[in-house]
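My structure is below; once you've seen it, I'll send some questions.
Letters A, B, C and D mark the chains as written, and numbering starts fresh at 1 in each.
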Amino acid sequence: MLTIAGHQFSSRLFSGTGKFSHSRVMLNALKASGSELVTLAIKRIDLKQSTDNLMQPLTELGIKLLPNTSGARNAKEAIFAAQLAQEMFATNWVKLEIHPDPKYLMPDPIETLIAAETLVKQGFVVLPYVHADPVLCHRLEEVGCAAVMPLASPIGSNQGLLTKEFLQIIIEQAKVPVVIDAGIGRPSDATAAMELGADAVLVNTGIASSLQPVVMAKCFQEAVITGRNAYQVGLGQVLKQASMSSPLTGFLNELR
Amino acid sequence: MLTIAGHQFSSRLFSGTGKFSHSRVMLNALKASGSELVTLAIKRIDLKQSTDNLMQPLTELGIKLLPNTSGARNAKEAIFAAQLAQEMFATNWVKLEIHPDPKYLMPDPIETLIAAETLVKQGFVVLPYVHADPVLCHRLEEVGCAAVMPLASPIGSNQGLLTKEFLQIIIEQAKVPVVIDAGIGRPSDATAAMELGADAVLVNTGIASSLQPVVMAKCFQEAVITGRNAYQVGLGQVLKQASMSSPLTGFLNELR
Amino acid sequence: MLTIAGHQFSSRLFSGTGKFSHSRVMLNALKASGSELVTLAIKRIDLKQSTDNLMQPLTELGIKLLPNTSGARNAKEAIFAAQLAQEMFATNWVKLEIHPDPKYLMPDPIETLIAAETLVKQGFVVLPYVHADPVLCHRLEEVGCAAVMPLASPIGSNQGLLTKEFLQIIIEQAKVPVVIDAGIGRPSDATAAMELGADAVLVNTGIASSLQPVVMAKCFQEAVITGRNAYQVGLGQVLKQASMSSPLTGFLNELR
Amino acid sequence: MLTIAGHQFSSRLFSGTGKFSHSRVMLNALKASGSELVTLAIKRIDLKQSTDNLMQPLTELGIKLLPNTSGARNAKEAIFAAQLAQEMFATNWVKLEIHPDPKYLMPDPIETLIAAETLVKQGFVVLPYVHADPVLCHRLEEVGCAAVMPLASPIGSNQGLLTKEFLQIIIEQAKVPVVIDAGIGRPSDATAAMELGADAVLVNTGIASSLQPVVMAKCFQEAVITGRNAYQVGLGQVLKQASMSSPLTGFLNELR
């Protein structure tokens, strides 16, 4: 079972609330996904209105909320957003996202480390979204992050595990859970991520943008379970040469 | 539901009997895989002894046997092997495998077409194992093969979907079921094959060589179901640019 | 130096005449490429008019013509086209291309082998264009083909070395020259093909579709030479782990 | 022509002095490479002995020295090493390398930015070696780095352009030269890097570990020139479908 900051998760699929067409579809998809941790952005409307419309049904599903700081362009904005979220959603968990570039939304390693260190000191449980940078992940671990969330490929691009070789290094070296985030567009990507040894994956666009988000959510749930099971059993080596499944008969020679 | 030559299969995972450490492990793994079609090589011993030891338990599991001609180096040998198999296993189904090269076990397109045509005329239900060659697959379809079995990568190599772009063409053009065979070493490969639109996959080494074949068989079963479901729902486009999951807040700007 | 059917080539870049905007551009590009073997399709106009307009300047450049049977859908059409070409271009060399499918232009292995065998018996020097199928290449060699021309990816797709693992097997096993054809869109693809150990590459679209075909032809010429030289010297192994270029200093430790 | 910090380079291949078997081989290889900028580590022996043995012949070849801080594990060590190098080699240029992890030698983004900012203020021309992180590259540019040196794959691994998609973003966004460093093991990798639009590449292991470093150095020189020329001319789009090089004849239809 996966444990992050003392909290246990029986599902290794984390999800998000963005990009869904309707909130009803979203709730059904999240239910189908089996996710127990769901990230959501802080919206301006939340400051003026009650957030109960969304929070209550999620909480009833037994889902833990993970507010994110998406839209923050530096540590200061992210820290402020985390503090707002803490009040609004009554949680000290935060997914730290800092991306100054609106085109590719790549995370800023420097601001992320600064914000992470500050937020940890303020008592937050910090899960930072970062490039697949092994040294950065190590430093985030050192300042007390509860997990690291390296990207597979740019957010929402569905490009899959572009950073595979670097994710392998991160997984090999990390002492906190590694949650692979961003770019996982297909169930096979989620399975492959878990086969690498990731502790969990976060999928949002792949589910929310699907024509049938509820079915797709279920697909990702199964994909993650399968990948985890396969990782635990152990996977075969890739060979340069063929290796026959069926033993050579020999009898054809004799009968010639 | 998948139909081949009038026979319906509720599982899209086909499997094999090679490389298992013990026959008991094999039977348990095949049971766990949910496979309803299992390929097996004709061994010399079969000619002298009863084949009941293997056949009976497989049949009791409701598994249809698919004898293969592995070891055959040309059409003549393969036809002979198919005929022997017909007697031994009381089935007119045959997986046609002709590979003259013992190192990479790559199939021979010419001999395969010759043998397929002959065997179809003799009343066999022929499933040929071939390179991921769209024109060859089309020709095998024309001579009456019940399905085509293009390779993902060399047999037993665990290299995954090396021939992806060619498999896509085959799937787009084929009017008979496309069963992706050989090289599928990890559950994520099986899911990816099904996401491409394959009708089924055949996995042997990936299961049999595992340290825990029964658990791995179950993983592949789930992987195939997940990939099929995802294909049916429809998968997202791969994008060059990022696409944010969470709506841009804007409020951070206002608060500065 | 590369020898095909007793003919020596100092350049390992073969080229084509298709897709150029003007014949003057084509001639300048072919000159810049240094190609000594150039393939060209038989066009209907050739039957009615003199072919001297094209042939004379190519011949003056010292270029050997390699008529191709592009457009042929079976062995019969290809044999007929080869015979026409022999008269028109006064050469017994032919690039055998048989592709029944107009969308992906994938070659037909069966018809290609039939046509190759017939044409070899008729005295042709046959260079067949085929899928990257090791067994087919071996069989074409056995019936007397002077070289084999496996594809890197679908013609004109610029997708590069999609069939890399299969080309490696072909190169390892072939006793006739291996000329990698189709899909080589960038000079780096040509270099990579030669680094694999190919004897030559054929590039047409990559040069002809360029905004500056003459400069691009020169790029491909250099790319092929570089790749060949690198192959002959020997290339390093790919490692999982880093390996430092600069020796570890140690002195930083002492100074702390 | 490439300009870094006001210095012009006619060659876009940078090289290194590590891993060569003998200094004579190194000098001949560097000469053959045409490199005008060569990186070298500061070794302990340099502190005690004269560095003239190495510096003089390099200077005579017209090669500019680029001392590197390889072996430094944090900003402080790197700054110290840069200052030592300034005295020893009489240059204010420095390749900033900070890698706390001895196994994969991945660079530290935080320490690199700190050291870069300090060294720039001290008047150094700083070329930092970093992960292929677009935001980090942008920040290094902002603090005054003269170029950025993102990695293709782990140092010395010969794995080629693993980070291709991220390098493309860096090249698109950077206003200082982008020098692709680390992992470029084959000439085709160097060509591909230049085709992406890199301003230069740095190759060390690929040359120094070769059985014939002088020939391989020449190969890389040509590979870089070819890739640059191809980039300037413009490269074709990758297509899903085939596109015939030879115009469809039609005459075969008429003759049937």
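Criterion: a residue touches a chain if its C-beta (ideal position, glycine included) is under 8 Å from a C-beta of that chain, and two chains touch if they have at least 3 such contacts.
All values derive from a computational prediction rather than experimental measurement.
Enquirer: Which pair, B-C or C-D, has more C-beta contacts?
Expert: Result: the pair with more contacts is C-D.
Enquirer: Looking at chain A with chain B, do both copies bring the same residues to the contact (over half shared) or different ones?
Expert: Same: when the shared numbers are divided by all numbers used, the fraction is over half.
Enquirer: Calculate how many whole Å lie between the centre of chain C and the centre of chain D, each centre taken as the average of the chain's C-alpha atoms.
Expert: Result: the chain centres lie 32 Å from each other.
Enquirer: Which chain B residues sit where two or more other chains touch them?
Expert: 104, 106, 154, 159
Enquirer: Could you list, by residue number, the parts of chain C that touch chain D in their complex?
Expert: These residues of chain C touch chain D: 16-19, 39-44, 47, 68, 70-73, 77, 80-81, 97, 102-106, 154-160, 185-189, 191-192, 195, 204-206, 208-212, 215-216, 218-219, 222-223, 225-227, 229-230, 233-252, 254-255.
Enquirer: In their shared complex, at which residues does chain C touch chain B?
Expert: 99-101, 104, 106-110, 113, 131, 133-136, 138-139, 153-154, 159, 162-163, 165-166, 169, 173
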